[in-house]
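In what follows, structures are represented as structure tokens.
Okay, so chain A shows up in both of these, paired with chain B first and chain C after.
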Partner chain A sequence: MIEEYRTYLPEAKTVLMKDKLLKYGQFLFPFLVIGFFWEISARIGIINVDTLPAPSMILHEFYSLVWQKGALQRHLVHSLYRLFTGYILAVVVGVVIGTVLGLHRIIREMFSPTLSLLISVPTIAWIPVLLITMGLGGKTVITAIFLGGVFEIIYSTIAGIRSVDRQQINAARIMGVKGLGLFCKVLLPASLVYVMPALRLSIGYCWRALVGGEMLSAMIEWGIGKMIYEARFWNNIKVMFVGLIIIGILGVLLDRTLLKRLEEETLEKWGMLAER
Partner chain B sequence: MGNACREMKTENSDIKIEIKDVRKVFGKDASSVVALNNVNLKILANKFTTIVGPSGCGKTTLLYLLAGFEQPTSGQIIMDGKPIEKPGSDRGFVFQDFALFPWRTVLGNIMFGLINNGYRKKDAREIAMEYINLVNLVGFEHAYPHTLSGGMKQRVAIARALAYNPEVLLMDEPFGSLDAQTRKYMQGELISIWENLKKTVVFVTHSVIEAVYLSDYIVVMSARPSKVKGILKSDLPRPRDFVGDDFLALRKETLGLLEEEVQKEIKLDSL
Partner chain C sequence: MINTGLFPAPAKIYGYLVVLLHQEIAGHSVLLSHIVVTLKRLFLASLWGVAIGMLVGVLMGLSQRIYRFCDPIITLVMPIPGIAMAPLFIVWMGFGDPTIITVGTIAFFFPVAYNASTGIRSIDIHLVRAATIMGARRIGILFHVYFPWAAVYIFTGIKLGLARCWRTIIAVEFIAAANWGLGYMIWDAAEYLRASIVYGGIILLALTFTCIERGLIVPFEKKTIEKWGMVRS
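Then we have the complex of A and B:
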């Protein structure tokens, strides 16, 4: 072969064990420092533990919620079920609507003011309306999650579909691909450059909608948002903090383990990240 | 031995594609641009035909009409007795900027056309491997396009366009974005592949040397609104010598035809 080429080397990406530990250390260090001073301040009485419990008290509460009452798991299962139902619904509906609007100029121009209007309404503002129309149960929460995520996905899918290289579409067409095949085999993977960041952003929006929805829906019994809200009646600030921390940790975990992995397996592997 | 002639003088049976009075206008009203006007051309089966012309003369537009990506404003393009109305797998297309699918491996890209034309996965894979061999990419079948150099990408694109065995191969300045060394190498590769398969090729380029090196017929287009200015036939033996006397003579003749048009184009631009 005459020409130079860049060799395909997946091995180059393998991170050494030592580097990995260092990375986790870097990640954890600020938390440990904050936790340490927080604990000290609580012990020597700078902080009133009735309003801001010490980390050790929160950990203890966490332990008792998980192993003695078995409540936390149950709250989480309900929340995650709602989150994924609403999120997946938002992704599917968002991609379909986004594709239609991305492909047809007239429909897009017709609906884009409506979309701008809807996206500027905070999800939490929908909830009182949903409580009346959808009832006080889980359906309202799932709908709120759906609304929280769907607009971001619609917008990004429109941008993604419109950004697809005309030549790639032509290449597929001359090989006899059209209609749904063209959508699945070309439009969808090509627009992932725009859709992928939206998938990551919108799961965060869905999370927020979930917690808000659970707090306001009177008929539901289980859910992490419910847990925090109910703790208010017992003045149990420790449970609230367990809830807050769990929400934060799960948010990071969902992004890091699920969506970031998905991005690595698609855009990064295909060399499409630079295009953005 | 280039003898300029207005028509390719051959029997009708050899004609693969006939372009009849084709006119293509982009845009409407005052802002419209006449890209092609009154283009008449017969493209012969199993021959390598190159279209050269001054830049912006509508060479690519003509190729897009042959592919069916665009429709002529008036006139007709007939392939094997049937008008070309839309893209279809009886033709293959190689783009200047490759237009590979970055989410598919080399093998996946080449299998794309096969799978869509009803081949079973196993057969498609086998055929794709043959073409990977043909374009010298063995060992890279599982690489993703972004890891390849420009020349390698274009070889994938050529293999992809050939694998499903289209009757006509349309190539739009396929080596335009490659460096000079790679370009020269690819021209040689293309000719050896073509000599193997003897397909009807329509190749658009702005490089006269490339046209003279590759073609059986060189079609020179006029400046916009363009039509066919002249056709040169070349039966120089292959592989051709870039500095042979016959080669240089044909090159000069082609350049002569083209030169007048380039002058016109420059005048048009400076108005």
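Then we have the complex of A and C:
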């Protein structure tokens, strides 16, 4: 009720702004508290700053990494490039394979034991295999990201395609919709309720695979995972903290902004979430 | 037709695993020692993870204030993969068990805490009021009203946590194990390009976890939440 009124009131916007600010404040509050006590105990000397650097030192390291060395941006650009290459590959291949397996029962039953074995292998365990078969470079990382995301998408697409009403497919076929048209106009929209959450889940898996892959591949130079891993050799804990915080924030942002928006633009707009 | 150095035949993989099984160091089979060490780490990390996760989760579920404080932290730290934290703990604790078990515990902690708090927060407040009126004490309410209500959530959390903990332990063993563990075995073999052992180790990983799931989790669920009629079997 109140929500409805707000849109009509002239001061509605400021009220909504206040709500938003309050929400952000609530989100930031615990970090500020922890940071405060952390900083103070580091200043007093309860914490040894060599093993656990104070927040101000971490911030300073962040500053110098970004503006003095310009290293952080390069690490990030490389990581994001790998992430999106691997993720887009996983989405395309996953949706295609999932659609084929979802439509044809015989092929599905032929491949499902293999798939269920493959899905139970942790993504990180693929990395040694990829390292010896594909080399120690960026290709390995992208393949690991691909493998991290693809199975979830295949499974959900199969479930989604199978949930499509057979009558709808037949009706579309009778009316002369075939091949790609059938896929784009009938199958994909109808199975989106299943595919969309998988897209969100799998970018999380890809993110994890990216960090693991970058840490374990020896021949790459740039990447956020590499930054953390290399910091170990210099015992540079500040850099590790910067890396961890960025991995955490980006992980949340990828999920909350990018894919949440996509979900809102499609599923919620079309009113499909209520159907579930 | 295919490069047997990189893609060995299944029979060869099996042969190498049998060799490892019979090879002995100090009277113990090498392969079994690797598996046992990993399982021991998994077990310890699970104990700690469930204990701490339940404690925090229940506190978060019962108190709105604690929830508001902890929820942002969980949101931000949960997506950080365990392997990324490993270098930090290597610097703090050195190579070997302490690092691996700590990172495993952290991996297990988050899903348990998150799901337990969601479950407890979802409780029907009338049940709590009814129990209070009938004279239940607070601890009794916790054990007889909150826990059964949240059981499905808590089990989901433990299941997710176990899978996550397993993955993390294998990953951290790649970089932080001193000389034992399945992850260490695979990594060591990969460094020397012994492809058979790498593939064999990965098959073992999948098998071991399937055994844990089928042998422990599924029967446990059947005895508890399925019997109580809380999920469709």
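The rule is simple: the second predicted complex is superposed on the first by the 251 of 276 C-alpha atoms of A that agree within 3 Å, B and C clash if a C-alpha of one lies under 4 Å from a C-alpha of the other, contacts with A are read in each partner's own complex, and residues count from 1 in each chain.
In this section, contacts are C-beta pairs under 8 Å (C-beta built on N, C-alpha and C of every residue); 3 or more make two chains touch, one makes a residue touch a chain.
Note that the structure is predicted; figures quoted are calculated from it, not measured.
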Key: chain A residues touched by each partner, larger count belonging to chain B or chain C   = C
Ask   = Which partner does A:244 contact after superposing on A: first (chain B), second (chain C), both, neither?
value = second
Inquiry  = Let me test your reading of the model: by the given contact rule, A:177 touches which partner, first (chain B), second (chain C), both or neither?
reply    = first
Inquiry  = Contact-wise, after the overlay, does A:189 reach chain B, chain C, both or neither (first, second, both, neither)?
reply    = first
Request  = Classify the contacts of A:225 with the two partner chains as first (chain B alone), second (chain C alone), both, or neither.
outcome  = second
Inquiry  = Is A:167 touching anything from chain B or chain C once the two structures are fitted on A? First, second, both or neither.
reply    = first
Task = Give one of first, second, both or neither to describe whether A:48 is in contact with chain B, with chain C, with both, or with none.
result = neither
Message = Per the definitions at the top, what is the overlap between the chain A residues touching chain B and those touching chain C?
response = none
Interface residues, chain B side, partner chain A - complex = 67-69, 86-89, 91-93, 95, 97, 99-103, 112-113, 116-117, 136, 140, 142-149, 151-152, 160, 164, 181-182, 185
Ask   = If you look only at chain C, which of its residues touch chain A in the complex?
value = 6-7, 68-70, 72-73, 75-77, 79-81, 83-85, 87-88, 90-92, 166-167, 170-171, 174-175, 186-187, 189-190, 193, 195, 198-199, 201-202, 205-206, 209-210
Remark   = Listed in rising order, the residues of chain A that touch chain C in the complex are 26-31, 33-34, 51, 117, 120-129, 131-133, 204, 207-208, 211-212, 215-216, 225, 228-229, 231-232, 235, 237, 240-241, 243-244, 247-249, 251-252, 255
Inquiry  = Quick check on the complex: what are the chain A residues that touch chain B?
reply    = 1-8, 165, 167-168, 170-177, 181, 185-186, 189-190, 192, 266, 269-272
